[in-house]
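The structure under discussion is supplied below as structure tokens; questions concerning it will follow.
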Amino acid sequence: MSTPTQETTTPPPPKAQNSLTQGTLPRWTWAAMLAGSVAVAAALAAALGAAFGAESFLMPLWVVLVPVIYLPAMLILQWVRINKRKAIDGFWKNLVYLAFLIALLPLVSVIWSVVSVGLPGLLAPGFLASDMSGITGRIDQETMETGGDVLGGIRHAIIGSLVITLAATVISVPIGLLTSIYLVEYSRGSWLSRAITFFVDVMTGIPSIVAGLFAAAATAWFISTASSLGLMAARPYTMGLTAAIALSVLMIPVVVRTTEEMLRVVPNELREASYALGVRKWRTILKVVIPTAISGIASGVTLSIARVIGETAPILVTAGFVVNANWNLVSGWMATLPVYIYRQFQNPIAPAATEPSEQRAWAAALVLIIIVMLLNLAARIIAQVFAPKKTGR
Amino acid sequence: GGANNPDTGSEANGAENGGEVSELSGTINAGGASSQETAMTEWTQSFAEIHPNAQVNYAAVGSGGGREGFLSGEYLFAGSDAAMDDDEYEASKEVCGPDGAFHVPAYISPIAVAYNVEGVDTQLNMDAETIARVFAGEITSWDAPEIAEQNDGVDLPSTPITVVHRSDDSGTTENFTEYLHAAAGDVWEWEPDGGWPSDITAESAQQTSGVVSTTSDTDGAITYADASQIGGLQSVAVGVGGEYVPYSADAASNAVASSPRVEGQAPNNMAVELDRDTEEAGAYPIVLAAYSIFCNQYEDEATADLVRAFAEYIVSEEGQQAASEAAGNAPLSADLRAEAEDAISQISAG
Amino acid sequence: MAHANETTSPPSAGPAAPSGPVRKKTLRQSDRRGVFGDKLFSGLAMAAGIAILVLLAFVALFLSSSSGRALYSEDEGLIVGQFLQYAMPLVGGTIIASIIALGLAAPVAIGVALFISHFAPPRASRSIGYVIDLLAAIPSVVYGAWGMSFLAPAMVPVYRWLHENLGWFPLFAGNPSGTGRTILTAGIVLAVMILPIITSVSREIFIQTPKLHEEAALALGATRWEMIKMAVFPFARAGIISGIMLGLGRALGETMAVALVLSGGALTASLISTGNQTIPAEIALNFPEAGPGSERQAQLIAIGLVLFIITLVVNMIARWIVSRNKEFSGAN
Amino acid sequence: MSKRINAIDLNVYYGDFLAVEGVNIDIEPRSVTAFIGPSGCGKTTFLRTLNRMHEVLPGARVEGQLLLDDDNIYDTAVDPVTVRSMVGMVFQRPNPFPTMSIRDNVLAGYKLNGTRLSRSQSDQVVEEALKGANLWNEVKDRLDKPGSGLSGGQQQRLCIARTIAVKPDVILMDEPCSALDPISTLAIEDLINELKDTYTVVIVTHNMQQAARVSEKTAFFNIAGTGKPGKLIEYDETTKIFSNPSKKDTENYVSGRFG
Amino acid sequence: MSKRINAIDLNVYYGDFLAVEGVNIDIEPRSVTAFIGPSGCGKTTFLRTLNRMHEVLPGARVEGQLLLDDDNIYDTAVDPVTVRSMVGMVFQRPNPFPTMSIRDNVLAGYKLNGTRLSRSQSDQVVEEALKGANLWNEVKDRLDKPGSGLSGGQQQRLCIARTIAVKPDVILMDEPCSALDPISTLAIEDLINELKDTYTVVIVTHNMQQAARVSEKTAFFNIAGTGKPGKLIEYDETTKIFSNPSKKDTENYVSGRFG
């Protein structure tokens, strides 16, 4: 180190290490420590359980105690044997891994419960290809008594879910995407952009039931106004489109906020490079900015679809509930998977024989998850095709 | 429609069956109370079997939602646990012509006071006051003297009582609290309402299936629920005029038949003022009468015919029987059925 | 959306070397269609923004026009006090549930996002991200059913234990719920629901952190964590907050899961006993039976309006935090 | 098809900060002009006003006139896009498009504008431009690889290729060779020499030898101190600037006796 | 506290692509070494292996030994963080932290080790480092402004200041002056001259004059063709390399008769 010790104001030299291999721990340290933590946690859990009467959840207590012991133990060990920075780095690394494991817990639990209960129903013959017309309580009771296959299916609900969600996506994604483009590329902090940002924020918190009530009221108002002006015949407002509008209210803010963030971090130098080639702004946006941000946008869009495809409350008041398929968005009622699931859970077809309904509900939930999974996969593949070819430099 | 549907009707209620069984065709959209959803499913499906070209949809949006949709013309009829008030009746004249709408108590079901106490396999007896005290949180243990003295010879555990009530506003709650208020007014001072009194701290769950499953999962729990849906739970025999009466379909149906009608609405209106503090032996006073609300007058002949046919079907012996088999409710008594048929026959086109 | 159907003048006819793509003889001879494309696109973008404002204006109009009777009745005049008495406990319950959900979800979600972007082996990280996104694919009804029939019973002994050993602490005071369906359980379910939202947004931003800045930090001798603090977090700050706000919006507005899981009741500080209710659940549970045009209906819509205002305030604070040092933007 | 550039009393601002003040300069068509001057004096800033790239930054604006031949490019009737398609630019920091292959990067000026090229035409454009930028040999076998996987100097040459591919009238280069090795530098200088037969070329450079080698005229910018605006101090024949400048500051700077 | 660097049979890969092959080089402590060579020959790549920055890229790996004094920095027991805090680096493209002020940028590395600095101490560090990088006068009045608002050259000098502020043992510079004007370049060269009294300095440059001016030894890298690995052709006293190289390629390159 060069700086000779000077008067007191001299900044301390900025480093402590002199040797490269100073204070490394053997590679197996973490494994040993983990094993130790598991053992100590077991003992502690037993002791605690005895002392505080927590016998009924020894296992969970044990599981919780393992990181509680492991993390600080590693921290202290590294702090003492290596140095503080390394210790803190390791501590956060462990925390990050722990966060991941914690996130897996509910995932595994939910997926397991859905798959294990839902799979038999999904495999029941004709479950995907048939609807619920003709399925009555008496049939379910008979099924229970004779032990035959559960009848009835979710074709109509799959169709309804897909059609309504697609319509909502077609409404929301262009509006959301264009709005975020306006916010990031055009507005330059104008009052309008501030107003939009402000209200999009508010939209994120609209309860879905309110969105449904609003969409019903708005469509009813629109139809009655239009029919009193003679523009169209009076007709019921309960239809797929009304549900799609309700879902759009929920979807738009998610699309706007996610894509806005993704567009904002596109480096300005890419925009400039494009402008300098004499490329118009809108082409720059479409061909340079959006492709650069596409993977983020795609995950934002899938997120928003996942957000609304599972909605129950607003659908019932806007699209009604039927037992057979309807492809028509603007006429007639539609059923969707979440409503189907909810009704099967809450009001089993046969109150005295609920198993068939429960089986159908869980199987439908499984199907819904699979649908969103596939959508997600598709979005990722699309994003992959356009995404920046990453090489670090 | 598909591979495993038992009937041919399903989605293809189109031409191929036309004329063969019935000339009725069209779609009725309706909505309302969830209490009668099971019965409605039965009715709409069976009706579609008889009339392949006709379809009835029922959305269980709740009684209030049903009446709102009905009054706005969105629903051709509504299902409702509570009768329309006079304002709503007035409003119904806008969509239903000068006579407005009328109620038919097509779905009658006893409300059971159901419980789950480990070690008690027999039916417990409770009078109205005891029930009220339990639900008000004043009696907190199953071996309380008030319960013990009405149940000689039953070995009651000291399990604490967990009251489970509906978390959503519901007709069941309204009927139950009406009963408590009428039959045990000095204990139960709260006004009858669809929502549970907020100052009683108790467990709650959504919908009948929710309270039933919560009660089933909780030792010492007690709840009130549509009797047809209590599954394996035990139910209380309710004290009426010194005797203890278990719930039964006949008792429930009779309670409705003997109750006075609501005055001041359409002439063929069948809304009832249930008599909760009856002392009549053998009557079971905790009854839910869920109405179907129809217009006296529909816009055109086809609609009127279709609605009339459906209404006739649901009150018919066959329809009531079908619902009862599926939903476990109490079929209408013969008198009530006759009255209902008469009321329904007045549906006309304007 | 105006898409790129429109092409500027094709290269000069001959098969020989193409000339410049938008060859102009003079400056003023501007390419009309191009200018029109720009105008159209910016117009569309602005129109989309305005459409949102109009939509929101309608929602606000709908809410305020239908909630009038909650604040004013013909017999009693202004009944704001009465309404507030009704609304405040619900506001409290909503905020408690959201705080629990955010408190649990945000750190875990950011951790998971970091895990995916900076810790997991690069090959695995895509699929891990995909797996976590699956959490978002689960419909709220299923979360509700899961929370009600699986999580809640599992929490019962925990609550009892907490009460017995930490009962002196207000959060664990009160009678432990016999069903486990308390505000804490609801908060946990909400946390699971918003986790993928926060994760997904943060992850995408983390991935965008310029390599240049990450390398700058590493080259200074930063450990991975220090690099994250120095280059990743500052760059992603606005994005993280945005993700958290989206998650919070979901937590504030979630209806069905809470309605199914929570055994609601009066406002209480205790997390382990029955009680508390959130605004969306209150609306969903009571709206179906509320008579058309009744005061009850108005009251329910009015608390929807209150939720609006809560969301607004929270987001304004978040925006303020983000905008405090805007000139230090990551895009440069 | 080159153009004359004529700046009249040009002031350039970043928001309220006057970065460059009172520039009057007359740049001949078919010539190479070098901008030199100390760091931060506003060379980049002024260069960016020549194709209206300056106004892309929020708050940035320009006062005064800038004539391209006889039209003021800052006239309200003028579309900046037209200006930029006539005045191409190579940036100080190489910025290839990360979403595009090397080939597409070269063709960006066409593709982004929606111009359809036949396969043979585009092959020709790519080859010509890459050869012009002295990059062809290095990348001809991996034209479909992403442009961001190249070395720094390769990226810079890719950006040059991208700019010359669209054949603008004026080419602005902001330190195009700062990341290049001598061979590529020579190649670029040769290219500039070729270009000036048809185009007007303006180049910012910190390399005096380079300025002396390639340019006919040189403009020296200077700045009096931090926060002060940069100014055009002297503009003259390159030989004059380097051998016998009329201003003291210029002499100090080119002889390295400055600061 | 400078260190000796000794590479033994070093191969550097990007995934399966061998970018630099079989480098053997011995760099004296307290000296300045220049790396020269055509673009794409692997100078940056090799430089990045000297402080294990190379492995930051996915798929990138190194074979062979690299001794710092006597420790192999690629030993499994060695923590790359320790290596990097001993071997500082200035990148080819300036990369100040955009979210930090100028002041914080300079202090970024310093703060890492957790030493708490008093206000006056940190002022001193900032001033010293900025003066060393010849940037102090230009920015002293706006130390709290973001680092990204500086001109290209200013940004580069800021990065140099950031690196020297932490006083590493070895300083690697990847074309540190390519974006700088002659004055700043001179200042940096002076700085390098000062630094070599205490540190080991390695610098990549395309500027032969610069290499000749500042370095004691010069390493010439070359590449046989695209897709081939870069190799260290000749490593010797700078004067020897520029006056009388032993390899033909070297002579061609330094005399500009290459390619």
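Each chain gets a letter, A, B, C, D and E, in the order it is written, and its residues are counted from 1.
Definition applied: contacts are C-beta pairs under 8 Å (C-beta built on N, C-alpha and C of every residue); 3 or more make two chains touch, one makes a residue touch a chain.
Bear in mind that the values here come from a model prediction, so they are computed numbers and not experimental data.
Q: Of the other chains, whose C-alpha centre is the longest way from the centre of chain D?
A: B
Q: Once you count every C-beta pair in contact for both, which comes out on top, C-D or A-D?
A: Output for the comparison: A-D.
Q: I'd like the Å distance between the centres of chain A and chain D, where a centre is the mean of that chain's Cα atoms.
A: Taking the average C-alpha coordinate of chain A and of chain D, the gap between them is 47 Å.
Q: Taking the mean of the C-alpha atoms as each chain's centre, how many Å separate chain A from chain B?
A: The mean C-alpha positions of chain A and chain B differ by 39 Å.
Q: Per the centroid of Cα atoms for each chain, what is the distance between chain A and chain C, given in Å?
A: 11
Q: Roughly how far is chain A from chain E, centre to centre by C-alpha average, rounded to an integer in Å?
A: Computed value for the inter-centroid distance: 45 Å.
Q: Specify, in ascending order, the residues of chain A that touch 2 or more different other chains.
A: 15, 85-86, 89, 267, 278, 280-281, 283, 287, 345, 391-393
Q: Residues touching two or more other chains, restricted to chain E: which are they?
A: 56, 58, 81-82, 85-86, 93, 109, 112, 166
Q: Please output the residue numbers of chain B that touch at least 2 other chains, ranges allowed.
A: As it turns out, chain B has residues touching two or more other chains at 34, 61, 65, 72, 206, 210.
Q: Touching pairs of chains, which are they?
A: A-B, A-C, A-D, A-E, B-C, C-D, C-E, D-E
Q: Provide the residue numbers of chain D that touch chain A in the complex, in ascending order.
A: Chain D reaches chain A through residues 51, 53, 56, 58, 81-82, 84-86, 88-89, 91, 93, 95-99, 101, 108-109, 111-114, 145-146, 148-149, 152, 159, 162-163, 166, 168.
Q: In the complex, go through chain D and note every residue touching chain E.
A: 36-40, 44, 92-93, 137-142, 150-154, 157, 175, 178-187, 206-208, 226-227, 253, 256, 258-259
Q: Which residues, counting only chain B, touch chain C once they are in their complex?
A: Residues 34, 61-65, 67-68, 71-72, 81-82, 85, 87-88, 91, 160, 162, 164, 167-171, 194-195, 198-199, 201-206, 210, 213-214, 217-218, 220-221.
Q: Going by the contact rule at the top, pick out the chain A residues touching chain C in the complex.
A: Interface residues on chain A, with respect to chain C: 15, 52-54, 56-57, 60, 85-86, 88-89, 92-93, 95-100, 102-104, 106-107, 109-111, 113-114, 174-179, 181-183, 185-187, 192-193, 195-211, 213-214, 217-218, 249, 252-254, 256-258, 260-262, 264-268, 278, 280-283, 285-287, 295-296, 299-300, 302-303, 306-307, 309-313, 337-338, 341-342, 345, 361, 365, 368-369, 372-373, 376-377, 380, 392-393.
Q: Residues of chain C touching chain A in their complex?
A: Residues of chain C touching chain A: 1-4, 21-22, 34, 37-38, 40-42, 44-53, 55-56, 58-59, 62-63, 66, 107-112, 114-115, 119-120, 126, 128, 130-143, 145-146, 150, 157-158, 161, 164-165, 192, 195-197, 199-201, 203-205, 207-208, 210-212, 215, 221, 223-226, 228, 235, 238-239, 242-243, 245-246, 248-250, 252-256, 279-280, 283-284, 287, 301, 304, 307-308, 310-312, 314-316, 318-319, 329-332.
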